[in-house]
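Here come two complexes built around chain A, the first alongside chain B, the second alongside chain C.
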Partner chain A sequence: MNHDLSGPVTGHVPVLRLGDVLLVTLQGDLHDSTAQQLQQDIGETVAGTGVSGLVIDISGVEMVDSFLGRVLAEIAARASLLAARTVVAGMRPAVAITLVELGLTLPGLRTALSTEVAMDLLAGSDPASRSGGPRQESR
Partner chain B sequence: METAAGVDACLPIRSDMDLVWVRQHVRQAAGLLGFGLVEQTKLVTAASELARNTLVHGGGGRMETAGLTNGHTRGLRLTFSDEGPGIPDLERALGDGYTSGDGLGMGLGGARRLVHEFAVDSTPGVGTKVTVVSWADRSPRPRGEF
Partner chain C sequence: MPEHASTGQHGSPAREVGAFLRRRAEQISQRWADEPLFRTVFTVSRDEAVEAGRIVVDALAQVADTDQVHDPDAAGFTVVREQLSRMGAARSRAGFTTAQVSNDVDALRPPVENLLVADLPDEPTELVRDCTTALTVLMGTMRLVVLETALSEGQALIERQRLQLMEVATPVIKLWDGIVAVPLIGTLDSARSQVVMETLLEAVVDQHARFAILDITGVPTVDSLVAQHLMKTVAAARLMGAECVVSGIRPAIAQTIVQLGLDLGTVITRASLADALAYALHELGADIINATPGGAGHR
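For the complex of A and B:
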């Protein structure tokens, strides 16, 4: 991983520990190097704290391109090797539509419609479930 | 009604910081032209992919944006150009799964699906120019017409 010092790192990414779960909240437009730094930080934090779950809240993210999509997938893959399960929470519908048309469906990524559902999913009794939680509009 | 001010611009693509400005400008311009949220998100994502291509494969370049009018419909044209090595095999580059270099990006094929009109002009050793157009109104119109 190269350390690009050419530009300022835009914004900080807060990483909160809630019991056995790390909660990472992404906001706005992420600089590439911020995303790469986050990837590294999360790996170290997961290993250091021994948490069993990781929730990445992207409800404040207006765009996920193939670079950020790949970063999310790699964070989940690393966490998995470090014995933590990852749930990406709150993806906006416009972002999901765009990712599919782009051809990036991220099949390995577990998702939930909100952080709350993601936390339930990680605490839940059915770890094999790939369900993202109940959808509001389902009837 | 907004005028073209705030829409027409030329932005450098020299670092990953510039990618942030490119995305912000495209989002803002698409918003001014009345793009819906989904079309706006698609165009911003396409711009991000193409600008990263310009940076990674073209060695840097620029994006020019221009507001368009077709009857009552307004659109946005984005032109990404670089003086890089060019794309040796365009057919392959437009196919799915094609990557070169460090494998970032879904390539041109992914970006093409996110916009209404798409054209590439690439000459080996001279450079590459990718032009895309999206319209605020989703009604179908002939492709390849700029």
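For the complex of A and C:
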């Protein structure tokens, strides 16, 4: 069913705002155009709303390639430039193994077991503790 | 090819051999029953050995009839393949090497050859020679079949044991809410470390574990390959949002790691499993505090 949806509908991945956090849920395959659109959407939303956190839930992603790994790293890098911390949540074991085998250990990226843990991480952690990039609460 | 050479009023030498085997099946199996290969397998009764020999002779005759004396995959062999492998396995169990088993099978040839020569007294020497050659080829092929089955048997055993080893070697233990541990035992190769990684990550998901402890107390040596496997597992666990602690690094292993120049910089390491558990508990905010020295026991 995924194939039917993701094929012709070069659709939108919804970017939801929950208070101070943006939630993006990826499901199924991510195509080039969708990924580009998503990166743009996230960039605009983060810049427009000034949120401090971004959670990317990839528990619905069963397959991964180097492309998705790079997209995740790029999204995180962009968000950190816009003063938002990114947490990737719910990665499946098979996906993690594939990424490691591909050599994409995504060192700058924060991870969490589930969306809930990711929210806690963003809410609870001290903003000054650790972050990648120039982040202040402004914008 | 000698077995296709002379086809006068007789059939091909192979067929001739087949007919001879059928004629003399009883005698051949009687003689074979005294050979070590049959004698050691059928220790209980000689009749059984003779019966088994008969079946083999029949199979050989069938193969000879179809002119496939040089083909180990000939249809005739399938009937006796199990029988032959059983005999080969019995010899191997008795402590014989594959080469010795091969010699045992070869020892079956001379009696048959003598019978064959005795059976064709009036035939031209050329035909006799061709028939003997065909017989030799046929027996050689049987020898090949025996060795093939014996080897594949050994291969299957190794494969089975390898799988068993993998199953028993990778238990994932829940130490606390949100803490799982894998005690690694024995040498880590890539196949095993793959299994370890998969089971550990599955456990991380199932138990919602924030911490995963890899205990390498039971790993005899750490080389660059093992270290690489560890790093991969740690990286994969981190991607899933769990923190991985490597524990049980003995002084000798620490020395080796340093001497090899391996960089475990990004990996959290602790000397013992207890230390790793204490670290994980501390990070979870569940510090363990000793009871008061006074001994009241309650705190």
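The criterion applied here is as follows: the second predicted complex is superposed on the first by the 113 of 139 C-alpha atoms of A that agree within 3 Å, B and C clash if a C-alpha of one lies under 4 Å from a C-alpha of the other, contacts with A are read in each partner's own complex, and residues count from 1 in each chain.
Convention: a contact is a pair of C-beta atoms (placed from the backbone, for glycine too) under 8 Å apart; a residue touches a chain by one contact, two chains touch by 3 or more.
None of the values given here were measured: they were computed from a predicted structure.
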Fit-or-clash call for chain B and chain C when the two complexes are aligned on chain A: fit
Contacts of A:97 with chain B and chain C, given as first, second, both or neither: both
Which of chain B and chain C A:89 touches, first, second, both or neither: second
First, second, both or neither for A:63, with chain B first and chain C second: first
Contacts of A:114 with chain B and chain C, given as first, second, both or neither: second
First, second, both or neither for A:31, with chain B first and chain C second: first
Superposition-derived minimum Cα distance between chain C and chain B (Å): 7
Chain B and chain C footprints on chain A, overlapping residues: 92-93, 95, 97, 101
Chain A residues within the chain B interface of the complex: 4, 6-8, 10, 29, 31-33, 62-67, 70, 92-95, 97-98, 101-104
Contacting residues of chain A [partner chain C, same complex]: 88-93, 95-97, 99-101, 105-107, 109, 111-114, 117-118
Interface residues, chain C side, partner chain A - complex: 194, 197-198, 201-202, 204-205, 208-210, 232, 235-242, 266
Interfacial residue positions of chain B with respect to chain A in the complex: 15-17, 19-20, 23-24, 27, 37-38, 40-42, 44-45, 48-49, 52, 96, 104-106, 109-111, 113-114
